[in-house]
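In the two assemblies presented below, chain A is common to both, partnered first by chain B and then by chain C.
Up next, the complex of A and B:
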C-alpha cells in the first residue's frame, strides 16, 4: 500500500487539507514512500469497529462504500472460472436473422431504459453498442475500430458493418435526444428515469442527421444483397423504425402513429430471429464508470416491450391532442387536459411526460397567441373579476401614470408576478408521478398561504384606487382567487392521499370530514364571487357593452359549474365522513391498538401540511370530535347519508347538462363524462351500502342481539385503490359477521 | 454479551427457513456502545442474507458505532441471534430530534412470536428515554406484516415514495410523533451533495429534495420483517 505523506496524528480532515495544500504547492511532485507497515501499525491501535470519520462522512458515504473483491459489491471481481472481458468478436459476420434478433433485443432494452432501468443494464450491454461507444472510438465510429479484423464484403459482414452499425448509431443518438428532452423538464432522477451515462459519451462527434444518413446507406444496400427477401424486408422494417423514431425525436416527423405502424411490421417478423444472447453481456459494466455494484442485464419480454412502445407512441399522440389551440386558451380546460393525461392508464412514461411539458413550457407561448401570463389573467377574471375593468387586458397597456387604470394594472401585475411560479406549478406538477403530485402540492399549500397574505395587501391597494364593494362587503378579488386555489390544492392533496392509500380505514372519517369542511369554504367563495358578478352584470347591462356582457355570462356559467361540482363533492364527503364515523363507532372498522400514539399527536402528524396556515386555519381536533359526537344513531346517520347521496346525484345530473365551454372541459369531454359516471356509480354504491347497514342494524336490534351499538356484528372492508368506482371516493363494503 | 455462537453466522438458509415450533424462550439484549460487538457478523448475516447487493461493513458500523444503544437483538435459549433492530437518533435538518429505524429483521423460522414488535418497542422506548421528538422509517407499500407492526404501535403513513428502493418498489414513510408541536418546529434544508451523475445539468426538481437523498442513502431500509427481501436485482418481473 502506498500513501502520500500520511500523518497519523492529525485528524483526517486536517490531513486531507494539508495533503491538498502540499500537492498544490509542490512543483517537484509528491515524494512517494511505502506506508503499508505504518498503516498496519496505526490500524492496530484502534479497536475493531471504531469508526474514524470526519463530520462530513454521512450515511450517504457509508452506503456508497464498497468492499473490494466481494462479488456482490465489486464490479471488477472476476470469478476464477470466468473471464474479465466478454468473448465475442463484434466484427464477426453474422447471419442476417441473428442481426434481426440483436436489433429486436436492443429495441426491448431501449424501452426498458425508458421504463426506468439504467443504460448499464440495458442498451450498454450490447457489445456492438459498447464498441461504438468505446472512449477511444472516433467519428465515423466503426465497429472494427481498434481491432485487427478487416471488413469484408460478404453479406454476413456487410449486415454487421453496414446495417447493424447504422442501427446502433441511430439508436444511441436517439438516447441523446431523449435525454435532452427529459433533462430540460421536471422529473425525478432514479425514481422516474436514470440519466446516468457511466462515463460514456453518446457519439459526441456524430449528429442525428449523420446517423440517419448511415441508415439511408444501409437501406440502399439491402436490395443489392443476396439476403432472402422476407429477412431483407424485416431488416429494412427495423431500420425504418429507428429512422422514424429518431426523426420524431428531432421533430422532422410529428405523427407518432408512424412509429406504431412500423412496429406492427416488426412484430410480425420477430419469429424469424434466432436468439444470439452472446452479443450482449453485463461484463461491460466493468468498464463503465460507476460506484454501483454489478447488476444483471434487464430481461426483455418481446411482447411486453412492443406493448410499451405502443403505449409511449399513444401517450405522445395524446399529449398533442390534449394541447390544441382551443384547449390552451382556457386555463381550466388545459388543467383538466393535463390531469386527463396524468390519469392515462398505464401512466405515461417519463419521456411522454417530458414531451407534454415541452409543449406547455418549452416556448414563451402556448400555441400561437397565449402565454401563461394571459392564462393567469383569464383564470383570475373567470373566477372573480368577469366584467370588471380591472381584469381588462387593455388596462395593462395604458402608460399614463395618473390614470387609475394604469395604477391598478401595475398593482395587479406586481401581484401576478408573485403568484406566477406557483401558478405554473399547478400545471407542471401534474406532469409528475402520482406520489410527487401529492407531495409537491402539500408544499404548495404553505406557499399559497403566504401569497394569500400578499393578496390581502394587494386588495387593499386596489380598493384605495377603485373601491370594489357591494354595500358593506368588499370584493377582495385577489384574496378570493388565491384562497380558492389554496383550497383546491388542499382538496387534491387529500384526494390523492386517498388514492395512494396513505390513510388507513379508520382515518377516513377524519379525512372526509376535513374534505367537507374545505369544500364548504370553497362553496362560500364561489357564492361570494357570484354575488359580485350579478351586481356587476346589472351595471354592465346598463352600459350595453357586449364584450363585457359575454364575459360575465361565460363566467356565470363557469361559476355555476363549479358550484354544482363542489356541491356534489361536498354531499359525497359528508355522506362518507358520517358513514365511516358510524362504522368506526360500531367497530365495523376495527381500530388499531396504536400503543404509542396520542390522539392530539396523531392529529398533528396527519394534518402536518395544513397546520401552519395563518390565513383561514383548519379547525382544531376538538371541533372534529365535537362533530363526531354530535352524530345521532345509526339510523339517523343512515338517513343523512341517503339524503346526501341523493343531493350529490341531482348535482351530478345538473353538471352533466353543462356544455364543455360552460364547464370548461373542452378537449376532455370523454374523461369528464367518465368521471361524472364514476361519481354517480359511487352515489349508488353508497346508497346500497347504507341500506345494508340500516337493514343489519334494525334486524339485529329486533333480534335483541344489539344491546349496544358496539355489538352490531357488522364488518366493513375498504376496497383497495384501483378497485373502487372512483379512487378518490371510498365506499365501504358492509356485511354481517353473524 | 459473551455467548457468541458462530453457528448463527453460518446457518444454512434451508435450516433457517424451517418454522421453529414449540416453546422457545427469547431474550433481548442491547448491542451496546463500548466496542464492536462479536455479534456483528451474525447481525450482518441476518440482515443481508438474501440481499443481492449487501451493505458494506461501513453501513453497519455507521449505525452501530454511533448508536449501539439503539440496536437490540433477540436471542433464543442457545443464544442464537433470531432478530435485530438497528436505529439512529439525531436532529432532523436542525429541527426535531428524529429517531430513525433503519433495519429490522427476524429469522424466518421465528415469526409470529411478536419478536419484531418487541424489538421495535425496545427501540421506541429507548428513543423516548433519549428525548426523541419523533420516529421515522420507510417500508415497502406491499409489506403488510411490517406495516401492521408499526401501525399497531401508532405510526402513521405520511408519504408514498415512488420507486424508492433499488428494486423499483415503492415505499411508505411512516412517522410517530412523541411530543406535541413537532410540525411547527423550524427545519433547514440539508446540505447534501447532489447524487452522483454524469456531470450534466442536475434535473430540476424543486429545492433540495430530502426524499431523493434519503432514497439514495437509505436503500438500507430493510424493513422486511418477514425476510421477503426485496429483490435488488433488476425488476425481472416487469419484463419477463
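Up next, the complex of A and C:
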C-alpha cells in the first residue's frame, strides 16, 4: 500500500511539474495593467503623513532604501549633461606606452581590492575589463564583439587585442583564484575584504591555464612587433608579472620573491607611461548589480601600490617561513609564529592571512608527520603530563580493552575530541584581524569554562584507572590544562583590549589589577605542574628510560620559561595597576563624568565577558575596592612600583638567557628578542615615571601647596596605541600642571 | 495578494479615504513596473506608499533602454548571423534591491497579474 501511494504521489508530482514547465515555456510575459491614473487618484486621497505599508515592512528597513534620482544615492542616475555609458572605444588602437599606463593602473587597483576596496571601485572600473566581463561576452572573451580581427592589423591594435586583453584576462582570473583561497578560510566580509561581484562572473568559461596561454601568445608576439625596445621590454615585464602572480596563485610557482623581482623592473619603467584616464570610468557602476550608493573610483598612488605589492609578497613569504617543519612540530612555537605573523607591521592583508590559514588548515596534516591532534597531545604533555605514561602516543594504539592504558587512552581521546575545535581556534583566530582576535577570544572564554567542567569529570575517570596523586594532592591534568588555556585567553583579551584602546584611562587600574590576579592564578597552576613533574622525574630516574627523562627535562625548561615570563608580566601588571590607581586618586587621571553610573554597574559592564565563569570565578568588585584602599600613600606606592619593575627586569633577564628550544620560540627568535626588549624598555619607562611622580609629590609637599593629595597638580596622559613601548603595557606620562 | 489586485478593486474616485486606502493595500507586495522621467523602469514588490505617491519597492531590478552602442552591436551580430527581419535588443537589467522612488519622477505605473 505504502509503495502504491508513493507511486501515486510521484506521478501526481511529475504531472504537475510537467504542467508547470509547459506553462513556463509558453509564458509570454506577465499580464500587465496600467494603473497610473487610479493609483495616483487613490494616493492623493490619503491624508498627509499616512503610510500604506506592508505590515512586516518596518520603517527601520525603509531607511536602508536607496532613493532613485538622488545623485548621491542612485548609482543609475545620469546627470543631464552626461551620457549613461562612457564614450571610449575599447577596441581602438592605443600607443604601447598608453597600454603600459593602463596595465600599471590596473595593478594599483588590484592591490586596492586586496586592501579592502570593492571591485566596483577598482578593477571593474577598467573599461577593457568591463567589456571582457560583459554578460553577453563569451569564450574566448574578445574585446570586440564582431568578427575576429583580420590579419595585418597595426601594432597599436595588436597591443590592445593581444597584449592588454591577455593581461586583463589573467588579472581577472587572478581575482577568481584569490577569492577562492580567501573564501575557503575565515575572514570578515566588508571588515577585511569585499567578495561581492556585483552580478558579474569572473570569466567562468576560461581557466587560469587558458589565461596564461594568452599571456604566452602575447609574449611571443612582442618581439615580432615594431614597438620600441624599452617599451617592449616594459610591456613584457608587466606580462611577466601577471603571469608569475597567477602561477603563484595556482601553486605552479611558490616563491613569492619572484614577484618582487619583476616588480622592481616594472617600477623602473613606469615613467614611460603617459596617463590615459579615459580608459577607466566609474560609470560602469551603472551596469553593476548593487544595493549601495555610487562610490568614486579608488585613487591609485603608484608608489603606495608598489609598496603594498611588496608587503603582500613579503607577508606570503613570511607565512611560509613561519610554518616550517620544525616550527610546526611544537605547538607553542607554532603559536608564537602565528602571533608573530599577525603582528607583522603593517598587518598582513586578507589574502596573506588566508594563505597562512591554507598552509595550517588546508590539509589534514601539518607538514609531513604532524596533525593538530598530535599538537594537542604534545601541548597537554608539555604542560601537565611530561614523563607520564598517560600522554604516551603509543597508548592510543593499544587495542586490548582490558588494558588500563587502552582505557585511559580512550578517556583522553574523548576529552581531546571535545576540546579539539576550541584548540584549533587558538591558532585560527590569531589569523584574523586584531579586533576580531579579541572578540572571538572573549567568546572562547565561556566555552573553555564549560570544557573545564568536562575536564573535572575526565580527571575523575582517569584517576579511577591510574591514580595520579602526590600525597593528598591530585594532579587533575586535564582540568589544569584547560584552566591554563582559559587564563591565557583571558589574559589575551585584556591585553588586546588595551592594545585596541577599548578601556578608558581611568579603567586601566582595574584592568591591570584583574590581569595581575589572572597571572597569579596562572602562576599557581605552573607551580602545581612543576611539583608533579619533579615527583614524576624522581620515579623516572629510577626507571632510566631516556625518552621519559628527556621529555621531563624539556618540559621542566618549558615550565621554567613560562614561570619566568608570567612572573615578569605579573610584576609589570602590579606596578601598573598601582600606578594608575594612585594617579586616579590624585586626580591626575580623571574619570568621565557619568551622572547615572554606579561603580558596580560599571564593573559589571566591563567584566561582562568574565562574570559568567563558574569554574574559578573572578573576584567581586569589593575585592578590588579593598585592594585599592589598602594601597598606602603616593610615596609608598612609588616604592612598590619601583620594586616591581626591578623584579620584572630580573625575570626578563633570566628569560633572555633561555634558548629557543627551552622557551619554545623556535623560528621566532628575532620577534622574541624584540618583545623582551620592549618589555624591558617598559620597565625603564615605569621607573622613570615613578620617580617623576615621587619628585613632584615631594616637591609640592615641601612647598606646602598640597594640603591633601587631591591637589598635587599632576597630570597624567596615556599614550595612544602605536606610540607605546609595548602596546599591551601602557606607561602613563606624568607631568606637573603648575 | 496579487490576485486581489487583479480582480480589480473598484477605482476609488469617490469612495473616500477608507476606500482609497483599501485600494492601495490591495497592491502591497504585488509586482509593480514603475517608469520614471529618465526612461528607466523599475520592477519590484510594493512595500509602502503615501499621498505623494512615493513608492518603496523591494527586490527591485532596474531596466534601462539600450544605448546606441548596444543597438549597433546587436545589429552587427544580427547581420553576421545572416538573419533577416527586425533586430531585437533587450533592455539592460540589473539588481538594485530596496529602493524609494519619489512620486514626482513617476511617469507610468503598471501592475503585473
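Please note the rule applied: the second predicted complex is superposed on the first by the 670 of 738 C-alpha atoms of A that agree within 3 Å, B and C clash if a C-alpha of one lies under 4 Å from a C-alpha of the other, contacts with A are read in each partner's own complex, and residues count from 1 in each chain.
Methods note: a residue touches a chain if its C-beta (ideal position, glycine included) is under 8 Å from a C-beta of that chain, and two chains touch if they have at least 3 such contacts.
Remember, predicted model here, so these are calculated numbers, not experimental data.
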*Does chain C touch more residues of chain A than chain B does, or is it the other way round?*
B
*Would you check which partner chain A:301 touches, where first means chain B only, second means chain C only, and both and neither mean what they say?*
first
*Can A:42 be said to touch chain B (first), chain C (second), both, or neither?*
second
_Which of chain B and chain C A:291 touches, first, second, both or neither_ = both
*asked:* Under the stated touch criterion, which partner chain does A:191 make contact with: chain B (first), chain C (second), both, or neither?
replied: first
*Which partner does A:65 contact after superposing on A: first (chain B), second (chain C), both, neither?*
both
*Pick one for A:199: touches chain B only (first), chain C only (second), both, or neither.*
both
*chain A residues touched by both chain B and chain C?*
47-51, 62, 65-67, 199, 291
*Would you mind writing out the residues of chain A in touch with chain B in their complex?*
47-51, 58-60, 62-63, 65-67, 70, 72-73, 108, 112, 115-117, 121, 179, 183, 185-192, 195-199, 291, 293, 295-301, 304-305, 433-436, 438-440, 443, 500-504, 507, 592-598, 600-602, 604-608, 611-612
*Hey, which residues of chain B end up touching chain A in the complex?*
35-37, 40, 51-59, 61-62, 64-66, 121, 124, 141, 151-154, 156-164, 168, 170, 172, 175-184, 192-193, 195-198, 200-201, 203-206, 209, 211-213, 215-220, 233-234, 236, 238-240
*Taking the complex as given, what residues does chain A use to touch chain C?*
30-36, 38-54, 57, 61-62, 64-69, 75-78, 83-85, 145-147, 199, 286-291
*asked:* Using the touch definition from the top, list the residues of chain C that touch chain A in their complex.
replied: 6, 11-13, 16-17, 20-21, 23-25, 27-29, 31, 33, 36-38, 40, 42, 46-53, 56, 58, 62, 64, 67, 69, 73, 76-77, 80, 92, 94-103, 105-113
